[in-house]
Amino acid sequence: MIGSKHTPSPTLAYFRGHKRAVREGFSFPWKKPIRSVLTIATLAICFFIPLFLWTVWLNYDELKQSWQTQGSIAVFVKGQTDESQINQLIDDIKANPVVESAHLINTDEVKQQLETDKQLSKFTKLIKSYDLPQQIGVKTKISQEKSDVENLVKMLEQRPQVEYVSYDQQWLNQLQGLTSTLLRMSHVSALLFLVIIIVILGNTIGNEIAEHKQEIRLLELIGASNAQVRRGFLYMGVFLGIFAGILAVIFLFVSFWWLDDLMSSLMNNFGVDVSLKGLNLIQVFAVIGVSILVTWFAARVALTGQRLNEIID
Amino acid sequence: MIGSKHTPSPTLAYFRGHKRAVREGFSFPWKKPIRSVLTIATLAICFFIPLFLWTVWLNYDELKQSWQTQGSIAVFVKGQTDESQINQLIDDIKANPVVESAHLINTDEVKQQLETDKQLSKFTKLIKSYDLPQQIGVKTKISQEKSDVENLVKMLEQRPQVEYVSYDQQWLNQLQGLTSTLLRMSHVSALLFLVIIIVILGNTIGNEIAEHKQEIRLLELIGASNAQVRRGFLYMGVFLGIFAGILAVIFLFVSFWWLDDLMSSLMNNFGVDVSLKGLNLIQVFAVIGVSILVTWFAARVALTGQRLNEIID
Amino acid sequence: MISFKRVSKSYGKDNKALKDVSFDVEAGEMLFLTGHSGAGKTTILRLLMLMQYASYGQIRVNSMDISSLPSSRVPAYRKKIGMIFQDHRLLNNKTVLENIALSLQIRGYSDSVSFKNARAALSQVGIAEKANFYPLELSSGQQQRVGIARAFVSKPDLILADEPTGNLDPDLSLELMQIFENLNKQGITIVIASHDLFLIKRLQKRVLVLEKGELIDDFSPQKNIYTP
Amino acid sequence: MISFKRVSKSYGKDNKALKDVSFDVEAGEMLFLTGHSGAGKTTILRLLMLMQYASYGQIRVNSMDISSLPSSRVPAYRKKIGMIFQDHRLLNNKTVLENIALSLQIRGYSDSVSFKNARAALSQVGIAEKANFYPLELSSGQQQRVGIARAFVSKPDLILADEPTGNLDPDLSLELMQIFENLNKQGITIVIASHDLFLIKRLQKRVLVLEKGELIDDFSPQKNIYTP
């Protein structure tokens, strides 16, 4: 029945091999359930941390835009300035590429605006009388460089008609500081977590495969090709990747659900109304896909490390 | 030469056993250097993350105190109030347990104070004339509950002599928000990282010991007691713990050195001058000590899992 | 010294490795366990080593019921036995000499005494030149001899040997048997599981014959020797 | 079919496992390799399996120099050989039947064909009833037989057997040798490393005798048989 004449065709053998490898690779983890759960959890954590940062970053990016629209400049004009000069000034301001819009605000409007500011309004109550100059409200375009805005402000301050230019410099500074801190932190984290992931993933998958060293040796000895030896382990990698990816997404949703209300209450304190957004379905699938790819790749690298020339042990 | 009559004394055997176990435990990792480096790096990361959070927390705690000392209340007194009433008011304020100190500020002082505030000083330039009422400066004690301070403010506002009570409510709100967010985040993180550490540590040390399963079985069979079997592995745990602890501390210093300048520039934007503090020598030793203890304990748990009744495999 | 009373060992319902086996071994005796593959030889030795526990019956060693031995006293019990395993069970990350010395170190001997005796035992089994080799660098027969040296180096009260000559040629087997006989003369009880009938015939010792888990014969040296 | 030309294998300077060994084996031959423990029997088989590489000399199999075989062609080469290992090398996480079927599955046979043939091979070695056991649940001799079944189930061109009867009693050994003789009659070349002189004598085949890595004798069945 068995003999060199009845050897199956290579294509048939190939597909049978893959079918078996899928079966094998997906049954490995069930043989040592506790160990597999530990491995999957470890991998999931590896995927979760950068995923979390990434999603926070996506949220922050959106947030940043909503903050920046608030960046407005008030230009106070000297009392002696006549209307044509003011109009000229407004046109000049509008010509600046940074500026979205500019218009004259009358004194009542200014008073109203001052009333809405908590701290200032209380202060104005104390001051019995005040007399406000004319003011031009300038709105900058969304997402401008701090330096561009500052240049605009300097330029305006040098104009003879301008008494004083007020723009919430501190707010911009804080925003700028927060942005750059977050950016640099995310660089450090990205680097750190890359190391973490490589180390832990390598260690975990490497251990998983070292466990099967004897099996790999034997498969080599009974004539399995490199591809045949690897196959089962690669599918195991895929299997672990799927579960780790799903778990990581679950971790993400749980942690976001947890953080959401406290984040939004924090943001309310800073005057921003925002709520955290999780991932959409496509992103979820992308994450699981990446997780599979990474685990598969790690398994492949670990397998290459297992191959030696002399196979006695 | 060898025989039951010449059996060494139990104490001698005990000390020899420990000497050997130290030697063995410390030589294990050198036999597979790459693997050991991976293991130590993984453990170090496990220790680094909570260590980092803890140190940030220590820093934040200090920072918070420096913020809170700034939390002062200004009580503006109605113009008609006479000196004895004001003194009465000051005494009443001082009686409140939340209050650290209270004193009358004269109008010039107030003006000066207004000048130092960036936003207000610019605003005062615009307002040509102002006339300030008398003011009592109240300093609250360090680390007060927000609600206590608010109660104090409400209480003062109801006094007939008081025109208006100003305290930087928004600042307090923001601080409160930041604190509670950080607190809650650190709770989530603590929980998360506890899981991470248990999983990865268990997985890593478990693998390390599973590798030596054959050895453990053999030691049992040639008559080694539980303690004798465990000893070498426990010292291995200690060894890994020492290196992982040292590495974690190095990671910490590197990451702090990196974050320090950007942190302090960020904090400057918020008007707080602060620089990150690393750990002192005692804390470093404590960290390494904890790392050793944790790894030792993990090794012990993993070893317990290795013991079975029937030893055929 | 050893007494099996109606001992059975079963794995699941229809898988009985030992059925109702009873025999006694005097202190200082040397005997062979023989029988076809799967007859239960290894199982008897494993029960004595407390690697497995009997399903029924009683096993006494030095008039002590070993199945009721508390686990804290198992190591002390095992320290009095030297076992030679069918699959050698050497530690691959230790040299040959370290493997043998380990047996003494565990018993608390100093390193110098341990290594000196290990070296002597290694010469006795004829592979002194392999002292600093690792087990995987040895041939199968050499590994087996390391296992034998490890078992007798600590001069235990009882030696259990599972196919100690399975990987050795007849000449070497006889040489090693002489070592066992010498140890036996020093008062050590020796139980050897073997299917090497040539060897068994030559040594003229008591032979227990197992078949499918049953003890079917017990030949003493005075009687005729069992032949296949 | 096999041709060793002045083959040496050394590990370091003073450790020569094989010294200048030359011999030829015709296709369809069945021969024994014998010699004391550590003589180099296993080394010769390992060289043929490309588990190790010769230090000097040339090894040809089917007139192909195997040491210059590119690594991509090694699996195809090994698929034509069935090897029986001295240490069995069974996969502990697979049942006995799965272990044997593996050899066919790797060659691309369907599961039904693989398991059917595996079951037949298992009966041939006499342990059909252990089909669904795991290797650690078998006695040493039973494990050895699983290893034998795995080697011949795929009907290779060449069978290399390292002590296939090391854990078996004389009766069983003879039975298994009959299996080898049958396979040989179907044209399979068979090389058996063994120190079982009783067996070698009975089978009247060609015998190569090694001593300390040197080939010291080459007896053909027509001549007298080597005796210890």
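As written, the chain order gives the labels A, B, C and D, with residue 1 at the start of each chain.
Simple rule for what comes next: contacts are C-beta pairs under 8 Å (C-beta built on N, C-alpha and C of every residue); 3 or more make two chains touch, one makes a residue touch a chain.
Just so it is clear, the structure is predicted and the values come from calculations on it, not from any experiment.
For subunit A, the chain whose average C-alpha position is most distant is C.
By number of C-beta pairs in contact, the leading pair of chains is A-B. Averaged Cα coordinates give subunit B a centre that lies 65 Å from the centre of subunit D. Centre to centre, using the average C-alpha position, subunit A and subunit D are separated by 59 Å. The distance from the centre of subunit C to the centre of subunit D, with each centre set as the mean of the Cα atoms, comes to 29 Å. The set of subunit B residues that touch two or more partner chains comprises 312.
Looking at subunit D, no residue sits in touch with two or more other chains.
Here subunit A touches subunit D in the complex through residues 1-4, 7-10, 12-14, 16-17, 20, 31, 214-215, 217-226, 228, 309-312, going by the rule given at the top. Taken in their complex, subunit D has these residues touching subunit C: 11, 34-39, 41-42, 86-87, 127, 137-142, 144-145, 163, 166-172, 195, 197-198, 228. Residue ranges of subunit B in contact with subunit A, taken from their complex: 35, 38-39, 41-42, 45, 76, 118-120, 122-123, 125-133, 163-164, 166, 168-170, 173-174, 176-178, 180-181, 184-185, 188, 192, 195-196, 199-200, 202-204, 206-207, 210-211, 255, 258-259, 262-263, 265-266, 268-270. Contact residues of subunit D toward subunit A in the complex are 46, 49, 51-53, 72, 75-81, 83, 89, 91, 93, 102-111, 113, 116-117, 150, 153-155, 157.
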